[in-house]
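For reference, chains read A, B and C in written order, and residue numbers begin at 1 within each chain.
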Amino acid sequence: MSADDVRLGINELIASYADCIDDDRLEEWPDFFVDDCRYLVTDRASHEAGLKHGIIYCASRGMLVDRVTSMRRVLMFEAHRYRHLVGPPRLLKIDDRAAETRANFVIARIMHSGETSLFATGRYLDRIDVSDTSYRFIERLVVLDSQKIDTLLVIPL
Amino acid sequence: MSADDVRLGINELIASYADCIDDDRLEEWPDFFVDDCRYLVTDRASHEAGLKHGIIYCASRGMLVDRVTSMRRVLMFEAHRYRHLVGPPRLLKIDDRAAETRANFVIARIMHSGETSLFATGRYLDRIDVSDTSYRFIERLVVLDSQKIDTLLVIPL
Amino acid sequence: MSADDVRLGINELIASYADCIDDDRLEEWPDFFVDDCRYLVTDRASHEAGLKHGIIYCASRGMLVDRVTSMRRVLMFEAHRYRHLVGPPRLLKIDDRAAETRANFVIARIMHSGETSLFATGRYLDRIDVSDTSYRFIERLVVLDSQKIDTLLVIPL
């Protein structure tokens, strides 16, 4: 695989991840991760302080599946949707097995009433498995700029 | 033409479309479409319900031209401007003649007074004629996340 | 260098510039410019009227360094942060020495309290030195859509 193909594959992974959430196809969300993954939503101050836990913390693909299941069970998932806007990802490091990237994001939240607001901003810090043809996240850190995140953080970011 | 060139051509079409509107060069806007085109602004719920009409509906390039003409005539076009931020487009399907892409957007509206607000979020669902060197839209569906769009939808999105 | 490499280099320059500011590594900010550079923050109306000065104006790399030094001295730099979201850059012109690009941006401002707001929208109009392996800005015009910019414009955009 050429460097360009790797880059395209990474872009596609990041974009289709956002579409999956924005389209409310949350059952497919865990498939973007390897089994032995790490998914963390935290804020900038906690991240810089080296804290390993955050607002949402999942240490395996199974935990992601559990999260979606319980979310669907409480049946509040149609109350709002997100719209992700993810900037062009920067490729920081790459070898045959994994790539490290970062990308800025802005997420708008659209309530069922139609009310739209700027919900969250921050950056994705990713480690991506590129050893197989279908790329997946080994680690996805969602570092929010603000520590004042709405209590209504149900849907993954 | 290589796959990379096609991709660059698509990116350029989408970006220059946004610039055309943001720069208030609306007379050039219809030139981004083939003659026998379809331009539709709708909301997510209507789109998912399969409704074919929307907030704005144009079934030919001529209708786009008419729209700009009447808009200029009522002379309210300097009252506000948009700023488009369009995420990296995803290429869903391609053959020798047409490409299907989708891209997320966030549009800010800047009133003449300088007041800036988050105006609309959503995604573009596009079919693009790639058979000629100058790419154009066969179909551009603007699917807004919110059904609560401001009544002041004059300028195309 | 191939056209693709140049494009990647430009994308990387623009993205790492934004990261530098968002990460509050402002001492590195002047290094994104050649010595004999021009950095201007202005608004659309002033830009279209051909006015050469703006809200912030620096006519050399030394002036950028001075700006950071005085900013740090007044010690208000931790009061807020930005999050840049820069759209895919358009390559307008290129030769062996320089490239002309433009890119839309949306900047959110995150106050120390966590309060997040849509701070500024606009476009970057850039001239980039591509004659060396490390690309740098010869000229960066930051054209804001609104003339009503918050008085708190301390951090560069």
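Observations, loosely collected:
Criterion: a residue touches a chain if its C-beta (ideal position, glycine included) is under 8 Å from a C-beta of that chain, and two chains touch if they have at least 3 such contacts.
Model, not experiment: these values are computed from the prediction.
Looking at chain A and chain B, the chains that touch each of them are C.
In summary, the pair chain B and chain C forms a contact in which the copies contribute largely different residue numbers, shared numbers making up under half of all those used. Per-chain CA centroids place chain B at a distance of 27 Å from chain C. Shared interface positions of chain C, defined as residues touching 2 or more other chains, are 4, 85, 87-88, 106, 118.
Contact residues of chain B toward chain C in the complex are 4, 11-12, 15-16, 18-19, 22, 81, 83-88, 106, 108, 110, 113-118. Put simply, chain B touches chain A in their complex at residues 4, 44, 85, 87-88, 90, 102, 104-106, 118, 120-123, 145-148.
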